[in-house]
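Note that chain A is present in both complexes that follow, paired respectively with chain B and with chain C.
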Partner chain A sequence: MMVTKEEILDIALLAKLSVEEDKLDELTKEMMNIIQFADTINAFDGEVQEFDNINSLSNVFREDEVLPSYPREEILKNVGGGENGYFPVKKRM
Partner chain B sequence: MKEYELVSGLETHVELSTKTKIFCSCTTQFGSEPNTHCCPICIGLPGTMPKLNRQAVRYAIKAGLATHCTINPIAKMDRKNYVYPDLPKAYQISQYDKPLCSNGYIELKNGRKIRILRIHIEEDAGKLVHERGDTFVDYNRGGVPLIEIVTEPDIRSIDEAIEYVEKLQLIMKYIGVSDVKMQEGSLRCDVNISVREKGSESFGTRTEIKNMNSFAFMQKAMEYEFERQVDLIENGEQVIQETRRFNTDTGETAPMRGKEDAHDYRYFREPDLVTIETSKEEIEEIRASLPELPEQKRQRYIETFGLSEVDADILIKYRKVAEFFDEAAKAVGNPKTVSNFIISQVFRTLPTDAEKEAFDVRITPQSLIELIGLLESKKINMNVAKSTLDKMLQTGKTPDQLIDKNDMGGVDANTLTAICQKVIETQSGAVQDYKNGKEAAFKALIGGVMKETRGKADPMQATEILKSLIG
Partner chain C sequence: MTGQIKTLHEMLVQKQISCTELTHTYLAAIEKDNGKLNAYVKVTPDTALATAKTVDEKIAKGEPIGLLEGIPMTLKDNISTKDIETTCCSKILSGYVPIYDATVWTLLKEQNAVLLGKTNMDEFAMGSSCETSCFGGAANPHNTDHVAGGSSGGVASAVAGNLAVYGLGSDTGGSIRQPAAFCGCVGLKPTYGAVSRYGLIAYASSLDQIGPITTSVEDAAILFDAIAKKDDMDSTSSGAKEPVADRLSAGLEGVKIGVAKEYFDGIKPEIQTALEGAIKVYESLGAQIIPFSLPILKYALPVYYILACAEASSNLGRYDGIRYGYRTDSYNGIHDMICKTRSEGFGAEVKRRILLGTYVLSSGYYDAYYKKAQNLRGNIVSAFQNAFADCDVILAPTVPVTAFEKGFSAKDAVETYLTDICTVPVNIAGLPGISLPCGFDGQGLPIGMQLIGNTFGEAKVLNTAFAYEAAAKDVFKKAQTGVRF
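This part shows the complex of A and B:
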């Protein structure tokens, strides 16, 4: 499968990454290698289970019981304590 | 001008009333201080692991069974990626190709079935607060469990859309999985709309109006969007497939900014959560826990109790009212009397929808049964019953405490004739007026009889006697 430069730019946009023009060729090649690995897997001819349940685990649940939440100071620690109890949102360009 | 038809499908988000969030043990309580119901899981800190709330799964299955869905034996969770400040992980854990429930329907009054494509569970986002150009986030709501109920584009009018949402809302209330309050955001609708020429089988290009949180807005937004699309087509222009927002001030819909709309969700399986397998036994156990649903109740009221469709609709609209009615109706001779008392008299003391919903009244089914028993055994007449009910509603007392023993037993024919004679003599003026053709004067005579008998007399009988005496 081919990967185009446009697709790389599109992925970068979705991931909120800025890509410099001179890195574009290299990134496109790297991404192509990754995608081609998927082609190798797709080429596998044999029985495939519908669910990739690797550890065949299912139904791991939690009961609906309230536990204390974290103190707000802890919750807002990573945003310098927040503003009036809120997470402030940095203005985006 | 050609005739156009509306084609619409709805995506309805319903907040589940579990005690805790979908992936952590924080409370789902509404209306607290911002960011006080949060933990590292629901604010999306790296390295945290979601743990699925069993009750959220059960509630979703319950909702599916109540809307005739198939419950899928295997379901899984997926990541839906998008970047927005109300979503701390930059992805929402939702379900993509293996939802919990598929292929249900809700039937409308006109007999049309609105097919439900799927019901899946997902986490709610946080709440953005905008203030003087700045934006702030409160993650208390982030991680509250939601179900999203997606219909096929089967809706053909605004009335059908509203009836569908009302029916859905009522079902969710009955099965107790959500309080479905539109004004508090626990029920929100995204509406897909396209138009086509009447009689056409193909679909036009659709637009989506996001986040309708009241019936009035939904009605207006759909009216506007229908007209807008018809105008475009009539003018030879194209409808563009896009997401639009309803502006409640102008009553118009406008496209959301390109960036918000340009989603490429890149769904993939949520690696931190295992599959959900639901056994037949578990499905049957949940099915057995379903209460009688609104539609079944309505049928029963009409067929077994002989209520009119209008009365049945009013009673089932409020779950507590229906429960009260059921309780009283089973112990009286004629359930219609219970329904009449509730609708005409009790509801007069509960003018708003919210009050009827809460049904906080001072009478009990037992006291109403007692009152109707007295009426049906002819110990009191309808007048006394009505005035007693009013007193019961005001004071919370029982009929036994309120009805004077002298008011029991009605008035026998001889006594009533004597009283009528007396009234005719004392109100000769009214009698003369009546004889001269003034029908209204007769009411004064009946009033006189009622006063003399303290309301005990049967008005029909009194009318008969008075008329025969006056001649």
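This part shows the complex of A and C:
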């Protein structure tokens, strides 16, 4: 399986990661190596089974229940208290 | 063999030591040795001493205390602790303080467990050496030139180095069992769903499971009973089938132990010898050894890496720098802010796994990789189910090697992934597995033996481990006293 630099850049864009130009060659080589390793599953030529989920779990249903949410000021502590009750980001016009 | 928890509990009840004194002893040990081990990334003396005071007051009033009350312990840094920074050892979560507790911590906190601090780990639990941590790796207390293992390396280093009585780690592809093996500890990965994952920062949700790292099988059983509870906050949680600690028994008459030859392919000769010794011990205890074959195992590693990375690429999509953790300083628009934040905040291994996960889920590759791996997961589950028709537990090495020298993992990603070969099948099939010490290599580094049980078969796994511990006391003793740093 060949992996091109263009593919790595496309995948990085989907994953919202930027790749520095001078690191692209090395990353492509590393990813090629890892993808070749992943590719070994395609050597399996037996009959594959359908798999749904582990331990035959099924959805858990219940009636909706209204419970108190976390206080806004608690949540905003992780962004230095926020601004006017919101998460701040820089203004862009 | 009585573990540390019951011994210390008895000392507290008999007033041979106060909980405050016990806590100070551990805090002093951390102060003295953490510089060498780098096991803790955050120490919480105020929380620990406040809890110790509560326990001492209860004892002074003559109130009964539970087994885990007042016992000093630690949590891996991906287990959420309200008001205590929880970083997953990643720059992207620097400064993040959870506003709620993980269910496992709620359960232990209710029992007045004394939290000494949060322990080191591979960034987002992605690694086998603890060296992808943004704080640098944890050292192995048996030889500090070697790693503690990963990803729960900090917990194993702290427990083996006597900087905590026990700790909780998480295991997605061996992250409890492998560091336990490297450091000469007992590490239990419970059945998927036995323990709630609520508040465990997600890596791969269909594989992640929280479990204990301890110095004895009894301690592991006590902790399993304490944390394996059904939880409404985790729809995949079902709790344990039955309590196990009070029913531990060293009797093995008629127990069938399966040994699959594929687990032994390519392992170090010293590990082979140690495991053959353990098999002889089991035979002498009356267990029946059943050789069998699990050819599907050769696909377990790529299946694991495809599925784990696919789930990780989705789970780690939430880190955008907006609501918590690290955010880049300068950016031009929302897309630029998210890309820069993630690129600066995640380490190299995390980025590799996000990229692989995105690749295998992307259009054109989904069927060849993700879907195929998911279906092969079904084949692996069936192969284990068939095996358990003929045996009670499966015996295998935990890792094909002993603790790596520092720096090994940085050299080649795939070569490091290959060392997870013996641990990942358990996560793929959702089974319980335990690692316990069974010998030492020529350098004095511990060797781990793995016992694997059928779904919710923790009682059989722990009993089989307990029987070995009772018969091989010297190995366990050396695992605890062989520590030198």
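We take it that the second predicted complex is superposed on the first by the 82 of 93 C-alpha atoms of A that agree within 3 Å, B and C clash if a C-alpha of one lies under 4 Å from a C-alpha of the other, contacts with A are read in each partner's own complex, and residues count from 1 in each chain.
Everything that follows uses one rule, which is that contacts are C-beta pairs under 8 Å (C-beta built on N, C-alpha and C of every residue); 3 or more make two chains touch, one makes a residue touch a chain.
Keep in mind it's a predicted model, so treat the numbers as computed, not measured.
Using the contact criterion defined above for the overlaid structures, shared-chain residue A:Leu17 touches chain C, although it does not reach chain B.
Within the superposed three-chain model, A:Thr40 lies in touch with chain C and out of touch with chain B [touch as defined at top]. In the superposed model, A:Leu67 lies in contact with chain B only, and not with chain C.
Set side by side, chain B and chain C differ in how many residues of chain A they touch, and the one touching more is C. Look at A:Lys29: by the touch rule set out above, it reaches neither chain B nor chain C.
Of the two partner chains, chain B and chain C are each touched by A:Ile75. Within the superposed three-chain model, A:Gly85 lies in touch with chain B and out of touch with chain C [touch as defined at top]. Look at A:Lys5: by the touch rule set out above, it reaches neither chain B nor chain C. Residues 14, 16, 51, 53, 55, 57, 59-60, 70, 75, 87, 89 of chain A touch chain B in one complex and chain C in the other.
The touching residues of chain C, counted against chain A in their complex, run 95-97, 99-100, 191-193, 206, 235-236, 238, 299, 301-303, 305-306, 313, 317, 320, 322-325, 331-335, 337-340, 342-343, 346, 351-352, 354-360, 362, 368-369, 372-379, 381-382, 413-414, 417, 429-430, 455. Considering their complex, residues 7-8, 11-12, 14-19, 27, 30-31, 33-35, 37-42, 44, 46, 48-51, 53-55, 57, 59-60, 70, 74-75, 77-79, 87, 89-90, 92 of chain A touch chain C. Interface residues of chain B facing chain A in the complex, by the touch rule stated above, are 18-20, 25-27, 33-40, 43, 51-57, 74, 76, 81, 83, 85, 128-129, 134-139, 264, 266, 269, 273-277. Residue ranges on chain A touching chain B, taken from their complex, read 10, 14, 16, 51-53, 55, 57-67, 69-70, 72, 75-76, 82-89, 91.
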